[in-house]
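Both complexes below contain subunit A, partnered by subunit B and then by subunit C.
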Partner chain A sequence: MDTFVKIAKSKLKDFLQHIMENYTLYAPVKKKISRFERIEDPSQICLLPNRTEISLKPIFLPPKESLFRWKKVEDGYIIEDCLNGKEKKVIFGAKGCDVASLKILDLYMMEVSDPYYASRRKDTIIIGITCEYPRESCFCTAFGGMIPDEYDLWLTDIGDYYFVDIGSERGKELVSMELFERASPEDEERKREKIERAEQEIRKMAKIELEEYQDMEDKFEDKIWEELGDICLSCGRCNLICPTCHCFDVRDITNLDGSAGERIRVWDSCHLFEFAKTSAENFRRDRRARVRYRIYDKFVFSVKRYKLYACVGCGRCIDSCHAGIDIRDVLRRLIR
Partner chain B sequence: MNIGIFSLSCCEGCSVEFLNMEEEILDILNHFGIENFRLVKEVNKLPVDVAFVEGVPANENEVAKLLEIRRNSEILVALGSCSATGGVLAPGAKPVGHYVDVDHCLYGCPFSRDELKEFLTSIIIDKAFGKKEYSVCMECSLLENGCLLEEGYLCMGPITVAGCNALCPSNGKPCLGCRGSYEDANLKSHAKILLDKGFSKDEIIDAFSLFSHRDLREVIEWLKRR
Partner chain C sequence: MSNPYIPSIAKIMDIIDETPDTKTFVIEPGLSFKPGQFVELTVFGYGEAPFSISGGNEDSIELSIRAVGNVTRKLHAMKIGEHIGIRGPFGNGWPLEKAEGRDLLIVAGGIGLAPLKPVIEWVCKNRSKLNEVTLIYGARKPSLLLFKRMFEEWKKCMNILLTVDEPEEGWKGEVGVVTKLCGKVKEFSDALTFMCGPPVMMKYASKTLIDLGFSPDDLYLSLERNMRCGIGICGHCAVSGMYVCKDGPIFPLDEALKFIEKPHEVQGVLD
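And then the complex of A and B:
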């Protein structure tokens, strides 16, 4: 596959306009907080130098969503499925950490073939872009770096142009337009340097290198859990902001006598007291056990199940923790 | 089934909030008769199936009135924060639960309409109803509001029991903690975090004192000793 193409920055708007004629476009927008939104006009898009505050997760797994509605009628119930129609999506301007997180989310959500997630996720085209400079909390280099394994197109700013890597057949179709030009080996060199420089920057700050599947199981009784349990507020923000956390609670919202209502699912958090509460007992009453569970779920259980770490190093949980719990510090202590 | 709404010493804002439920009240009346509601009825009776009690007893007469309500009701619900935790009247006044057995609490100043409806539904269809064991912070994050604590406001969201759907933070005002804390709340850690963020001891004590129910008093004492 000829993967050496580029697009002039001045032509990007035309390219996006073309995409919008055939697809629903989602791209970063900066309002009070930066996040991905459905784009009506390319001028709304705000290409940020690093990741958005909210990840791609809500596009595919919204914080609250209806599963079905019911209504009692004379001879039974009418049940209306809320499975949404398929939308041909293009995600433009996603950073490496967020694109990598989709692969992990897919594993968890598709294992049981969640139809609500799948209908949103299926056939989504990903056009990613290299980070200009990382945030202080970034540590994606611990999990393979800034460029994910899977994408359709990948853009890197090389001055007046974006260098475009092609990662799939669908991506190849998109760059067949006249807007794209053949790139030179110098362009490719510039791209490579740019990525290396940014990754070097992250490595310097993150100071963390995970070997493939490091064994952390013997740290189950480490005193770190007591320390973290003392300061954690169990507010759940780290879970909700995490691009790979996917647990949800199912609730019924009804009218007064339950004759009509809807079943919804809402993001849940393993830090909450009731998360592991069953009719028999609560498996993780202690805050210490809940803090530990989140780390183990990302770095031990996921390895057993899928042979990967369920973390992409976006650092959002670090930025959002009121108590200042830094997952990088935790990892450094665990792999010591 | 019939219900009664009773007022002890308080601002009677919860009674008013009950009447404010213009969209819901007709539906509620389809299922419940109102036997006792001093604010709107001339003739008020006991017993009732469900007694909603707002406010706290401030004298012997009110304690006697509360005991009479308890004797004459199947289910007694503490309506609003004063009744449930002492609210703004604590620590001087004791919550209703100090004097009689309380079956359920509806927290908030005033109570949350959605939670009241949830409670009424639980009675009609015999479904469990209980206190939420997580924070306003969680509800606020679900709405993707952005964080007032991060912006530099003294927000009590992380230790305040959920159920209001983060009403205040969603409208740009930090949580005052009117609903009280939940059992699992890490009160001391929140106070420490606020100190680290640069709030003065007095500011934090003020915030913890506004709705200073029993659990918060401990932290206030701890802060004073520091």
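And then the complex of A and C:
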């Protein structure tokens, strides 16, 4: 994988067409909001200059999904598993933050293998693309920058061409097509400059570096939680929009005569009042405790369990917060 | 690997009235479990909830369930021969092996005796492996004491100290909280302790035992949280980044005390 390749922008459509012959293609589209959708025609794809408003999460962990259906029979019940067969997927056009988030989701969803997630996630090919210019809320540089550790192919716009980094054997197979050309050292230099410039821009805005693990353990009783608890609306938007938040609730839906039904799971939010409630007690009754829990789950507990921050700096929670809570401000105070 | 979200169908073979609000359901087929583990029980059409296994083996298991919510109230209305769904067993179980050659103190409050019943039954079977064994058990009222039908049998292999908050006619035993009885077992301070009950009971009982000189690494607590998935993914039971359903539900007190987000059950125990 020491040789570099590039693909002319004019040939990208052919490449995607080729992918669609062999795989199900997911790529960004822009309707009311920008998100990844299953592509039927490459002209639907909208390569945006920065991340989509919705992350990759719904592709692998849908907001709502059926786990199984049941039916009452003479002597008991019959259960039909809703687990689908595998789909050979290619994710095209994902930005670094979203690709990095998959590695985190994998840890949470597959420590004990979640079969529904695993069947969607397994063998997914990732073709990412470098951000052109960041959003105001971006801070991926706090977690290592715009290029994730793991991908199959990584594209960077260098003018008439996309420079292509190859990250895996599967990626190498994909670029063996005639559509790809050998890239020159100048092309590589152009790519490097492009990435550096964008990352520089993010650093300037984010003003936060967390690449080394910062000890925030001793901030559990800090007065910041009281302050945030006072303004947080406990709406849970940050959880839902977050590419790594994965908590869900399990619910049963039954038909009117009770003879059949299904069990579904739906996204849930640790900010909601009922989240940690049992028949005995609500273990996070105070809003302060719930705000704190989410931050600790991303920046302390995740480090203890998986040795990484469960945040990629996409900034979606900043853009979506009704109360104007900026997680960068919170982190700056915690690592002070 | 089989799908851990899919329940297997089981049949209610017997229903035993334990107290006015608690019944024991005997269910077939059973499963191989460790005392202290739990299952997720589905009442089709009503939902799923976690319950500790209160007895049984591969042939049949027992679940002792108090009627408090949708699923449990419907379950209480069900009859022998009806079917339910079972997933599990989940969780780590009590460290029985650690009790061998030592004294054992079992502390339970209310329905908290259910996950400890398999421990008591293990003790009765393996009595020679242990030294002194005492059960301290408290309930709100005498009529709410679980497993009274078993007490005579259990008394053959252990001391039983009972207490109630509100005595009823004919009650000759202790009156007061479980903590009060914990204060009477000073001679046991080298014992291993297994405890399960309401959070506030566990907190004060732990504190009392620690004050008597019990060591926090010999004291095991079974925590109850909202275990929805049972396999450490849905996040509802997480405490301080630990999954009660998978990393617990049983934690040694010294470990729980090191949690950054202290479980309510251990807050202030060392103060």
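In the analysis below, the second predicted complex is superposed on the first by the 333 of 336 C-alpha atoms of A that agree within 3 Å, B and C clash if a C-alpha of one lies under 4 Å from a C-alpha of the other, contacts with A are read in each partner's own complex, and residues count from 1 in each chain.
Note that in this section a contact is a pair of C-beta atoms (placed from the backbone, for glycine too) under 8 Å apart; a residue touches a chain by one contact, two chains touch by 3 or more.
Worth saying up front: this structure is predicted, and the values here are computed from it rather than measured.
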Check your understanding: Can A:99 be said to touch subunit B (first), subunit C (second), both, or neither?
Key -> neither
Exercise for review: Kindly classify A:208 by the partners it touches after superposition: subunit B alone (first), subunit C alone (second), both, or neither?
Suggested key: neither
Check your understanding: Which partner does A:45 reach: the first (subunit B), the second (subunit C), both, or neither?
Key -> neither
Practice item. Quick one: classify A:35 as touching subunit B (first), subunit C (second), both or neither. Key: first
Practice item. Report for A:240: first if it touches subunit B alone, second if subunit C alone, otherwise both or neither. Key: first
Exercise for review: State whether A:248 touches subunit B only (first), subunit C only (second), both chains, or neither.
Suggested key: second
Review point. In the superposed arrangement, does A:263 touch subunit B (first), subunit C (second), both or neither?
Key: second
**Study point:** subunit A residues touched by each partner, larger count belonging to subunit B or subunit C
**Key:** C
Review point. Can you list the residues of subunit A that meet both subunit B and subunit C?
Key: 254, 258
Review point. Across the complex, what residues on subunit C touch subunit A?
Key: 1, 3-7, 9, 11, 42, 44-48, 68-69, 83, 85, 198-199, 224-226, 228-229, 231-236, 238-241, 246, 260-261, 263-264
Review point. Within the complex, which stretch of subunit A touches subunit B?
Key: 32-33, 35, 54, 58, 63-64, 230-237, 240-241, 254-258, 266-267, 269, 272-274, 287, 320, 322-324
Review point. Which of the residues in subunit A come into contact with subunit C in the complex?
Key: 67-68, 70, 72, 75-77, 79, 81, 83, 108-109, 111-116, 217, 220, 246-252, 254, 258, 261, 263, 265, 268, 270, 275-281, 283, 292-293, 296-297, 300-302, 304-305
**Study point:** Residues on subunit B engaged by subunit A in the complex (per definition of touch)
**Key:** 24, 27-28, 30-31, 117, 120-121, 124-125, 127, 133-135, 137-138, 141-144, 146-147, 149, 157-159, 182-186, 189-190, 192-193, 196
